[in-house]
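My structure is below; once you've seen it, I'll send some questions.
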Amino acid sequence: MKRIYVNEEWCLGCHLCEYQCAFANSGMDDMVKALKGKTIHPRIKVEGDNKISFAVNCRHCSDARCVKGCISGALSRDKDGVVVIDTDKCVGCFTCILSCPYGAIMPSSDHSVVQKCQLCMDNASGEPACVKGCPNRAIVYEERI
Amino acid sequence: MKYDYLIIGNSIAAVGCIEGIRENDNEGSICVVTDENYRVYGRPLISYYLWNKTTEKKMLSYRPDNFYKKNDVELMLGTRAEKINTEKKTVSLSGGSEIGYGKLLIAAGSSPFVPPMKGLDGVEKKFSFMTLDDAKALAEAIDKDSRVLIVGAGLIGLKCAEGISDRAGSLTVVDLANRILPSILDEKGSAIVRKHIERRGVKFYLNDSVAEFKDGTATLASGKKIDYDAVVIAVGVRPNTALAADAGGEVNRGIATDLKCATTIPDVYAAGDCAECLNSITGKSQVLALLPNAYMMGHAAGVNMSGGEELYDDAIPMNAIGFWGLHIITAGDYEGEAYVKREGIKYKKLVTADNNLRGFILIDDIERAGIYTRLVREKTPLDEIDFEAIKERPQEMAFSRAVRKDDLGGVK
Amino acid sequence: MLRDYLYPEYEAVRNSDLCIGCRACERQCSNEVHRYDSDLGKMVSDSTNCVDCQRCVCLCPTHALKIVKSDHTFKLNANWTQEAITDVIRQAGTGAVLLSAMGNPKEYPVYWDKMLINASQVTNPSIDPLREPMETKTYLGKKSEEIQRDRNGNIIPETSPQLELETPIMFSAMSYGSISYNAHKSLATAAEELGILYNTGEGGLHEDFYQYGPNTIVQVASGRFGVHEDYLNAGAAIEIKMGQGAKPGIGGHLPGEKIVDDISKTRMIPEGTDAISPAPHHDIYSIEDLRQLVFSLKEASDYKKPVIVKIAAVHNVAAIASGIARSGADIIAIDGYRGGTGAAPKRIRDNVGIPIELALASVDQRLRDEGIRDEVSVVVGGSIRSSADVVKAIALGADAVYIATSALIAMGCHLCRSCQAGKCNWGIATQVPELVKRLNPADGKERLVNLVRAWTHEIKEMMGGMGINSIEALRGNRLMLRGIGLTNKELEILGIKHAGE
Amino acid sequence: MLLREGENGNRIPAGCAISGIFSKSGTRINGKQIIDSISVMHDRSNGLGGGFAGYGIYPEYKNQYAFHVFYETNEAKEICERYLDRHFDVINLSKIPIRRIPEIKDEPLIWRYFVDPLRTRLAASQLDEKEYVVRCVNRINTKLDGCYVFSCGKNMGVFKAVGFPEDVGRFYRLNEYDGYCWTAHGRYPTNTPGWWGGAHPFAMLDYSIVHNGEISSYDANRRFIEMYGYKCNLLTDTEVITYITDYLLRKQKLSLEEMASVVAAPFWSTIDHMEEPEKSRLKFLRNKFSSLLITGPFSILLGFTGGMMALNDRLKLRSMVVGEKDDMVYIASEECAMRVIEPNLDTIWSPRGGEPVIVRLYDEAMEEIGGDE
């Protein structure tokens, strides 16, 4: 399946992926309207400084521990292999946060449920916004074997 | 009637087993026998159900509606497995029928443990807190004025307290131990959480126990008296091992299994709360009555039952739990050198031993906790990572470049 | 000194209504123009160090930034322009030669823009490149040898070493050191994909890039940096750099701070030492010396590699080219005064040399007049800005063109002309690791490939319009050009008629 | 005054009709046949030029160079004849017989000389004989005002004028000539100089070219070929093609097929898929003579002693068909031009772009005409 991959060699630490993610998942059509004056809660997080940096988001593991451990069945792999969250079912127990070896699942902004990267399948971005918005191809969306 | 795969119990381990089987075998017939009358649901959800964080309908959609159909599973509700006949490879069911199996999984779960307490039999409204029916019955029995006494300050008792906090008048918790959540928290952590819960109006009587229930009043060993309208017994659970024991299988606290989740009885496997598995930290077998463990063990059993091989060898104790918005994540055990960081309500304890992270406690500081879990589970040598950095906060940066490259660029 | 304060030439202007405070601009500006002011709770900019590289403008996700030319002015004076006054103030303050980079930006005529291309109407058909083969393959090298036949009268198809190009465009010399590893890698991989060549410049060849040898021209310049036998044999051709359009007559100077690690290894000089390329080759004081070097290099490479001699376009370029054509060189490269550089004294860049268009026209004609055009191929560079420039260059008589500034722009350069500062925000003209990594070679390569493919498509369109389906039929086909607004003398030098004739 | 080709440096593109007849057995064909053939393609010409080349028409002078010369004035003729006398042994000279007809006007003086190079001058020049003749002809054409040698081969002759080709044929009384090969040309120039010398065929020694097309590579070809001593005065395609032919065949000693694969080279993609040694050979030729690739539409008929070659541009942007009947070969822009003189062709086909069609006299016939090819 196509996944998002991050190559730290090319990450500039510009954090634009975080903003693109937050915008894509804001449901708004204007970035300024969506993000100005707000604290963002992106599903992708950049670690590091301007020397070494990289973004981390869901790896969409085929053997996903978060899915296996989910107590409500809110997390599942869809038919394309995307690990998706049904926030309607999620009760916010955070077992997935306990389980994810990459630290890629985080509480939603109000902490009532969790959020995670769903490859922008759940918004209007069309393709992963972080990939589109990365100025240096440090984040790519592709098939790897 | 004979099924290639017969599963006793219809909880998470059963689902893991079904999904494990279907990874290898799309043809073999599967039957699930359960004495409950529900589709599968996550038992820990019952407190959220009571707290109106979820509904029965959502609870029962742990797997999609077509789950049994899609996986071609015969589901026999309200049917109890009474006996395993190992010679004939059949299971006798309540109602007298008998069905055969090729491979059998015992995922019978556990039962609430109710210690002998004086006067308990006379308590009209007394409940366990394990099943959806328990939760429904409890909800039915209490109202805004009810004084509820919960015996047991462990995970079940306290989640129950949270669950009914908006439905009951007052909540009192009694426990023999000197602290709450003793199975997952150290004293400091326990104190923090206790304070937080107490702020919600829950009263604790620790180092104490009920000496007698009588006429709506519980008299504690210390002599204190607590009036109640309903009692919840949540002192613990006991694995349901009788089926295996009667059939001659080895049983300790739980049903003994090997790394393939097989019992000592040929073609019989066990998983979930009824079974023991290897705690990869201590190297000892124990019952890990945790939902993720049930799934993974059931899954491994299913794979092995259907001709594949999956060793269940990386089980660790771990817990994610929250009370009124305060989130706690713990894993492993706490035998070793501790690094502790406390900042107000935030509490972090990392326990190291033999160049490994052996366990941790995180209270209100759970961000990316899975990275710590990973260190515990994978026994990552700490001198291969930047432990100082990761102590500060869980991060990929603490791993070597090569590990990061695989984490972020490899196919997972 | 306070009295020498010069108001910034360009100002970063932020639209606060649009700024979301993501701080990308701050993180991306190596000149520290932008920062977040926590007291004010917003982003602020100090344009003093802004070089107008456009990095922040491009990366701002809400397009809240623009760079404007400052309207700050000295008292207007047609003679004492702002630039003239500013330069004097600078030099009075420092006592130093003014440094600059990239090509001559002055308002001299651009002859490319004064030539127009022909197209077929009625009497012969234009050709649709989407329907018919349209050939741009070009071979560079000598074509003058006599035909040899075997005993059966069959032609023995042996030629002097030739360079095969899928399209008549090559990436001109830019050294590793003046540009980054990633820029070099972009050029090398793009050249490989395009079936063309790139040029090492005088900085040697990094060991990682030996694999692109068949698409590499290795340069031998006056400093002889990184030159050794393996190097000479690593590429497809060897170029002797006699001069550079941006700074004819002077050498080069890469400061010691840029001679780090791999660069020092590649150049074969100690870390931290200045890399000084002398103005002349000190073993070439005349044309006969050049001949010796040409043949030394041919000896060293077993006569398997064509030798290119690159010169700057200067006043008597035609005569010089004639000498080179007779020196044994296989290819002459001529670099016009608009050609770029990583660093050059500003006065030299802006005042020395001649336009490539005129140099090309006179060289091509001179070589034909002398009947030696077949002795050499002619490659021209020094501001080829578009496919139209390529078509015009070839119609004037070039076999192929060298592009460098266009290639840099493709990779991200916005011609801020501050290469000499080494803080290129686009990761091109810098050796600072955090900046170097801003150019992902996968991206750089793709953009270069896109550019050359796009140009090639356009070249084919224009050829098709002229009814020409192979690039060699365009070469020297000056009837396909007409001048516009040129004097008789200019037309005469260019060897073209005026539009309407 | 009418513009002359090449004056003011203006290049003249043209469209046209061509036709050729060849007898492989050397049967002498009457000139009327070629007139009949070209006349049916009247609409492809516009009356601004027509011409013919006949081979084997001067058997009695087959070893002499036959110069056909236009003179604008008698003075020019005198100057030219003095020049000829200095360089050649003139064996015979005469006016070329013409028939005055209203369709052909303003004719110049048209003379014919059968000449041998003066042995002494030739030896002194240290040139081979053909080069000597070419240089003399070039000298006359470029340096002697009002003189123009438009045919200078052995046992062949070019006849051309401003007018429709059928009129030109009648004007020159071609029914009085017989040859084993004829080519003809009707011109449709897109500019109107109407100068007799600018009509086709264009000839150099025994090479004659009739050409239909407009080559887009003209100036690339011209500027290259001029490096080798040719001077393109007329700025016509035919002129430059003739020089290329002369350069490749006579100076570079290429075969006709090799020449074809230079001027109408196969595409690189085609070459890439060829087998060795063909692949290397074609790559070599195309690369070495890259400036002689001719692009744009053309169909040409090259006449030479003992043979004829037809060639289309590689995209076949101009029509050209070939027909055969017994030993006769017909090549023309249109099929009708063949049918009118031979209704019962054995075969007829359309050569592919870049594929040369070469016909030669049978060996006995070749000996008969005394050709040296």
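For this structure, a couple of remarks:
Letters A, B, C and D mark the chains in the order given here, with residues in each chain numbered from 1 onward.
Note that a residue touches a chain if its C-beta (ideal position, glycine included) is under 8 Å from a C-beta of that chain, and two chains touch if they have at least 3 such contacts.
Keep in mind the model is a prediction, meaning the values are calculated, not measured.
Between chain B and chain C, the least number of touching-chain steps is 2. Two chain pairs, A-B and A-C, are weighed by contacting C-beta pairs, with A-B ahead. Annotation: 77 Å between the Cα-based centres of chain A and chain D. Centre-to-centre separation of chain A and chain B, using mean CA positions: 28 Å. Separation between the centroids of chain A and chain C, computed from CA atoms only, is 43 Å. Here the CA centre of chain C is 47 Å from the CA centre of chain D. A linear topology is adopted by the chain contact network, the touching chains following one after another without closure.
By the definition of touch given earlier, these chain pairs are in contact: A-B, A-C, C-D.
Chain contact summary for the complex, chain D toward chain C: residues 9-11, 13-15, 190, 213-221, 223-224, 226-228, 252-254, 258, 265, 267-269, 277, 280-281, 283-285, 287-291, 293-297, 314-315, 317. Interface of chain A with chain B (complex): residues 3, 5-8, 47-48, 52, 54, 56, 59-63, 65, 68-69, 71-73, 88-89, 91-103, 105-107, 111, 144-145. Taken in their complex, chain A has these residues touching chain C: 9-10, 12-16, 19-20, 23, 31-32, 35-37, 50-51, 133, 135-138. Residues of chain C that touch chain A in their complex: 17-24, 27-28, 58-59, 61-62, 433-434, 437-440, 442-443.
On chain B, the positions that touch chain A within their shared complex are 16, 42, 44-45, 48, 53-54, 58-59, 61-63, 291-292, 295-296, 299, 318-322, 325, 327, 329, 331, 366-371, 373-374, 377-378, 394-397, 401, 404-405, 407-412.
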